[in-house]
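Input: a single structure, listed below in structure tokens.
All chains are identified by letter, namely A, B, C, D, E, F, G, H, I, J, K and L, in their written order; residue positions are counted from 1 within each chain.
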Amino acid sequence: MSDESKAILVLHGPNLNMLGTREPEIYGATTLAEIDAKLQELAAELGWPLEAFQSNGEGELVSRIQQAAESNSGVLINPGAYTHTSVAIRDAVIACRLPAVEVHLSNIHQREEFRRRSLLADIVVGQIIGFGADSYLLGLRALAGVLAAG
Amino acid sequence: MSDESKAILVLHGPNLNMLGTREPEIYGATTLAEIDAKLQELAAELGWPLEAFQSNGEGELVSRIQQAAESNSGVLINPGAYTHTSVAIRDAVIACRLPAVEVHLSNIHQREEFRRRSLLADIVVGQIIGFGADSYLLGLRALAGVLAAG
Amino acid sequence: MSDESKAILVLHGPNLNMLGTREPEIYGATTLAEIDAKLQELAAELGWPLEAFQSNGEGELVSRIQQAAESNSGVLINPGAYTHTSVAIRDAVIACRLPAVEVHLSNIHQREEFRRRSLLADIVVGQIIGFGADSYLLGLRALAGVLAAG
Amino acid sequence: MSDESKAILVLHGPNLNMLGTREPEIYGATTLAEIDAKLQELAAELGWPLEAFQSNGEGELVSRIQQAAESNSGVLINPGAYTHTSVAIRDAVIACRLPAVEVHLSNIHQREEFRRRSLLADIVVGQIIGFGADSYLLGLRALAGVLAAG
Amino acid sequence: MSDESKAILVLHGPNLNMLGTREPEIYGATTLAEIDAKLQELAAELGWPLEAFQSNGEGELVSRIQQAAESNSGVLINPGAYTHTSVAIRDAVIACRLPAVEVHLSNIHQREEFRRRSLLADIVVGQIIGFGADSYLLGLRALAGVLAAG
Amino acid sequence: MSDESKAILVLHGPNLNMLGTREPEIYGATTLAEIDAKLQELAAELGWPLEAFQSNGEGELVSRIQQAAESNSGVLINPGAYTHTSVAIRDAVIACRLPAVEVHLSNIHQREEFRRRSLLADIVVGQIIGFGADSYLLGLRALAGVLAAG
Amino acid sequence: MSDESKAILVLHGPNLNMLGTREPEIYGATTLAEIDAKLQELAAELGWPLEAFQSNGEGELVSRIQQAAESNSGVLINPGAYTHTSVAIRDAVIACRLPAVEVHLSNIHQREEFRRRSLLADIVVGQIIGFGADSYLLGLRALAGVLAAG
Amino acid sequence: MSDESKAILVLHGPNLNMLGTREPEIYGATTLAEIDAKLQELAAELGWPLEAFQSNGEGELVSRIQQAAESNSGVLINPGAYTHTSVAIRDAVIACRLPAVEVHLSNIHQREEFRRRSLLADIVVGQIIGFGADSYLLGLRALAGVLAAG
Amino acid sequence: MSDESKAILVLHGPNLNMLGTREPEIYGATTLAEIDAKLQELAAELGWPLEAFQSNGEGELVSRIQQAAESNSGVLINPGAYTHTSVAIRDAVIACRLPAVEVHLSNIHQREEFRRRSLLADIVVGQIIGFGADSYLLGLRALAGVLAAG
Amino acid sequence: MSDESKAILVLHGPNLNMLGTREPEIYGATTLAEIDAKLQELAAELGWPLEAFQSNGEGELVSRIQQAAESNSGVLINPGAYTHTSVAIRDAVIACRLPAVEVHLSNIHQREEFRRRSLLADIVVGQIIGFGADSYLLGLRALAGVLAAG
Amino acid sequence: MSDESKAILVLHGPNLNMLGTREPEIYGATTLAEIDAKLQELAAELGWPLEAFQSNGEGELVSRIQQAAESNSGVLINPGAYTHTSVAIRDAVIACRLPAVEVHLSNIHQREEFRRRSLLADIVVGQIIGFGADSYLLGLRALAGVLAAG
Amino acid sequence: MSDESKAILVLHGPNLNMLGTREPEIYGATTLAEIDAKLQELAAELGWPLEAFQSNGEGELVSRIQQAAESNSGVLINPGAYTHTSVAIRDAVIACRLPAVEVHLSNIHQREEFRRRSLLADIVVGQIIGFGADSYLLGLRALAGVLAAG
């Protein structure tokens, strides 16, 4: 079993800071802050501390993942647009050597062809795709399971 | 909210009947019967009846999905090898008009190139991939959430 | 001229048994039984006995085509989803050595990219695509013409 | 039901004027004039006036389709070689807003690879392929059916 | 600076003669004659004579471009469907040795995949795409700028 | 050395039941029963019991391979058309953990392009292709050699 | 008509800050400041306030576009190298829900093959490509036209 | 030996009428008329009448090739830009059933990638590429040889 | 039946001379000389003389195959690396007009992607792949069978 | 004009030494020696000495081309199978800096797909394809013309 | 010879700051600081000042390369993950007009397929790949050689 | 540490014997002999004996690499044109089990597309590309480092 004194790191990629404040008819009225609050609640229930970080910058996300190597127990990541373009985030996740779970709000297979390829898919433990804000909560459960089995 | 008097249908594709009885060092010692038992338990907790069906035959799976249109509320499906080759199952899932969730035990993105394409991915609500037997349990939670929001 | 004592075989692939009973706003209210009845009527008019067979199973369709080699004069086939995936049905049609006509209810070129490829297209006499239930009737006329010229 | 005072337009693409006068062992002894006569006969039977036009020029075919917007009720088209290369004819058929049916004498799927792609396939109502001169007659029946249902 | 006694040539490809007279809800109510009139007005303002030519025929467009070598100062071209299929028009534009600007009414990148490739794109000075009738007016300004800088 | 009390399993895929009874000028006059008899004779000579199974159904073949895990020593398989389309049979062969040899009557590289890809090729011990009924006999020798070396 | 109290946002991608200060024989002697000044002048003439922003960072550009949702009326963007690689900027432009026009100084179709693909092309109103600094001025006119028609 | 009372037909595709009158530094100062004169001279020497035809129109070229079926003995063709795009000319050459030789002034393999594919290459007797005006003269010798061996 | 006074030719391509003397843990301890001896033994048993030839040079292999046209009855070939790159050996095998059988020690489908394509596969009688030194012996049996049926 | 004291080099690639001695019904009864004799005769007529060289070895052909840099005036090459596979011969032809003409006996566009690509096509002056032994004679005329124009 | 008063710039891309501090069994125990120290030592020996810069951010790397145009003599760059995705860094290297050498610690051709493409490869002087920390030292020697030859 | 009594083998592929004697303006005036002399000098300095071998023949290069297995300590190879086409040399390098370094004089990424693929890249220790004769010297240093670390 992993060290539960280290928090689970939740990473939100570019444009996810816009959630809920605009286009509620499309993405729902849930803001990123509300998602983070729900995650905190579930994490507490599951017995894990949890930290969340959002950035629009690829480099900032890489740097935050690097820090996780020391200070976190696992990574729950919605890489947003960088899912399809960032080898740097892939490399950071590999380098930090923590179990990672990839989540997506929308079903990326129902959108543009280029969104079907994830550069993280084969180096994370698993993926959860298409359940809106619930993707994060399911992902947290999945990650907690992986850490418990670890 | 959907009609909770209709059971959730769990579908297991070809070769999943072999789970747990062979190669426990690879797939774990959990048998398909044990997975079904865990699913029954969680379904009860979530307030849904649940039925499970396994077949090695594409046509049998198609026929079972067709029946679901009348008698089930949603579909939790691990299509196994048919994920990558069956347009017939895709068509049956579309035709039954029920919300469906696709699950996979292993991370299909870490295996042969041809396993990365799912013929169901863009017509199900979402996918859960890579968490072993937990993929089913997470998938059931996800489907219950979709049905509750329905 | 072919032997008119042998019936024309009409084959319906997977999911076609669902026609008319569900989603009438999409596929029309015509059931498969009604299509078969119209085909019987036209066949009688054209002077041919006619038998129809539907299955969701690739193997069952292969076996039925094999029997046709002895007992039928020609094949009118809507392979449904197997159009795009079944080499076995292709091989059975070649092996039975009867003239075959391929029909589709919908225009397969207006749908997913993978539906544009038919594994039967180059081994049948011809194709009739996109005219709903009329595709079958036109296909029967076409096949009768081929048999008459045979 | 469509306006039956407007004729159905039959369009023959490049090289179809050569039919029957050369290589009768390949294409049969039926000339284009004979096909048009048969079409006139069947059209009369079905209650539609019918006009036929052949050209080797892409621009001439485009212009004739444009005129159809005003003066015809539907289009039966064998685009010949332009099937595979003409976006201009595709655009004209879209612009004229009439139901169109695509026909081919030979089975284009049994020939060169590049003949398998039709630039019209996804914008016509349907296709009839491979029945020789009968393709036209079946196509006229199909179009009449579409107009009647219109 | 170029010789302003030679007119700018405006070329309209196939089907553009249909503009405004049909489907005003899609393409707007502006006819090709009205676009030409606006272009004449702006050309006068910019100090250039202007001639316009439309044809549905690839060969006619090629011939008109050949004449431009002697009698025109620059070419503003909306090749329509020939954008994607005509090497002959590409060769004529190269051969006439005049600066050319390519314009499109609609955003060709929002349509069928095959419309994303222009056979002129790399041999014209530049492209203006997606602004309806304004594409022509912006294109005329662009060409006038190129000629002035010439 | 493997356990010689368990029979070698010979599997024949779809349409192979038609061998010899039709088109003897193409496939020869040898029936599947005669091939099985020859295999029995050679197996006896090599000291192995042998069982043969033919099915047109993908699911039936999968189920038979699953049973082999317990009751057979090795698999000699001519997957017929499923060679090119069945991931399910591939998975069953992997799961049964027995040495397998793939055989083909005809030279699949001289036929349609899609027949050049075998979904079994990289998971069997080896392939024997193109020697008619002798392919089976050579394959049995090869498999016996593998089992002897086992 | 749009709200003219909100400025048009001009975005310059990576390396555009180098314009005019280096390699004047290639890119001309015009600096980015001079382009911005010309844009201010034309914007004033057209009755719009205008703000310009340059960054070498993908994340910074994403953040600036997010702010535009509240404070700007439209976006004129030269994404530079990010044209071909940034899904994040694409997503930000979609999310900000403002009309956007894409401009390029050089003709991207005359350069490396990978520059022919723009990840913005199908989500902006239109593109203006290849007219040097004039691309920006034409783009501003185009955007003003779109806003006026808005 | 072929009938020498029928002339050899020389066909020049689009833009070849511009030869020699423009860009002599590129294509040389030889006009198409001069090439035709040289061909007449060589044809006389070889004992064949010769007719030449140039058109910018695909349809006109098709029609001229159709006439050749009756009135000519062989075809020497430089299809220019239609080499890469015209299935109609390909079909006409096949239909006229005369030996044909394809020639090109420039080496089409040293130019744009799309010029490397000729739609005539596999249906003509042979190709002569890259020798300027001499390509025609060599092609005439080649065709005369084919006719003599005929 | 073929002329048994002419020897069967066994050809070994590049690097096969290294067999057995190096890396016995990978390729086994069997040398090429020992394989040739086993082949001689089996050939004698089957009633055929046999000659073996190894070369690292493509040209030498081509020359030896050319000689076979006169002096040998059939060819058993392991082309080694030239399997995937040599059109010259393909042409020589075609030109010598003898039945040929292709063998490989290792399963080429389990190695690099480029090893899956054999330039000989469609012009030999058949292939035997993956059985180590036994591939040669099985291949000799196969070839003897072909010659006997010859 | 080039130095006529240096001979034209004729190169024949692999398997061309077999010409005429085998399969006369396919390749004609003309031997390579007879082709060389005809070439000598025509070369004398054109005023050029001529040397011919054949090899089955890629390296030998490379070495002979290297020598040509000093001792020959031009290269007439039929690379045979190496046309499609040899970068080394391509590099040697570039390095020798002599004008080269590529010839082929058969029409390589009527054969296997891989024969349509020539690795020499874009670095020779031109190609002559499909005229049997006449390809060489036409190629010699073509090369003599290039040298004369030199 | 270049101006030796300007330092050579060493650029380290994303995740290279992690070197040596983690996973020493994989990447060795050498830290980035130690590599920089070795480079300083060798640079002093070769007579060049040297500056090193690492960033996880694409934009920061672009900005640093832009500054090099004024203040550095050459660029030694290990772009890390941006090798495969950054057109912006490519453009910055082109724009700075300094000789650049690309180095990689690991052999990028032994890893994922997408790592085989470098967006810098064709615009740098050369590449050094696969020698661990020595790649940098060899790259510095190479760059010093280029600058000396400058 | 490796056995320093065995020489490092330097291999030069086809056409490298031409270096320096022709086209000095392109490849420099350095001959292959001079490169070998420089390599001898540096090898002596580094404490290694060194042997060099050049051949235009693929088979000769394969044979020389095979001998290296016994008599050399490492391989420094510039495969020239065989870089892109020779699986045989790849196999020989693998079989000889010595560390190998691949070098190229020119930057192969700035040339024809097919030169970007090296069949050796993933089986050598590393590559050095683009530094002219210095590529060899850097490669020798790199190989010496690998052997020292050995």
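Operating definition for what follows: a contact is a pair of C-beta atoms (placed from the backbone, for glycine too) under 8 Å apart; a residue touches a chain by one contact, two chains touch by 3 or more.
These figures come from a predicted structure and were not determined experimentally.
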item: Partner chains shared by chain F and chain J (touch criterion as defined above); value: I
item: Shared interface numbering between chain J and chain H [over half = same, under half = different]; value: same
item: Separation of mean Cα positions, chain E and chain A [Å, integer]; value: 49
item: Interchain centroid distance [CA atoms averaged], chain A/chain G, Å; value: 32
item: For chain D paired with chain L, centre-to-centre distance based on mean C-alpha positions, whole Å; value: 64
item: Touching two or more other chains - residue numbers and ranges from chain H; value: 57-60, 85
item: Every chain pair in contact, whichever chains are involved; value: A-B, A-G, A-K, B-C, B-F, C-D, C-F, D-E, D-H, E-G, E-H, F-I, G-K, H-J, I-J, I-L, J-L, K-L
item: Footprint of chain I on chain L - complex, ascending; value: 57-60, 62-63, 66, 69, 85-88, 90-92, 95, 97, 119
item: Chain L contact footprint on chain K (complex, rising order); value: 107, 109-110, 116, 118, 121-122, 124-131, 134-135, 138, 141-142, 145-146
item: Contacting residues of chain J [partner chain I, same complex]; value: 13-15, 17-18, 22-23, 55-60, 80-82, 84-85, 114-115
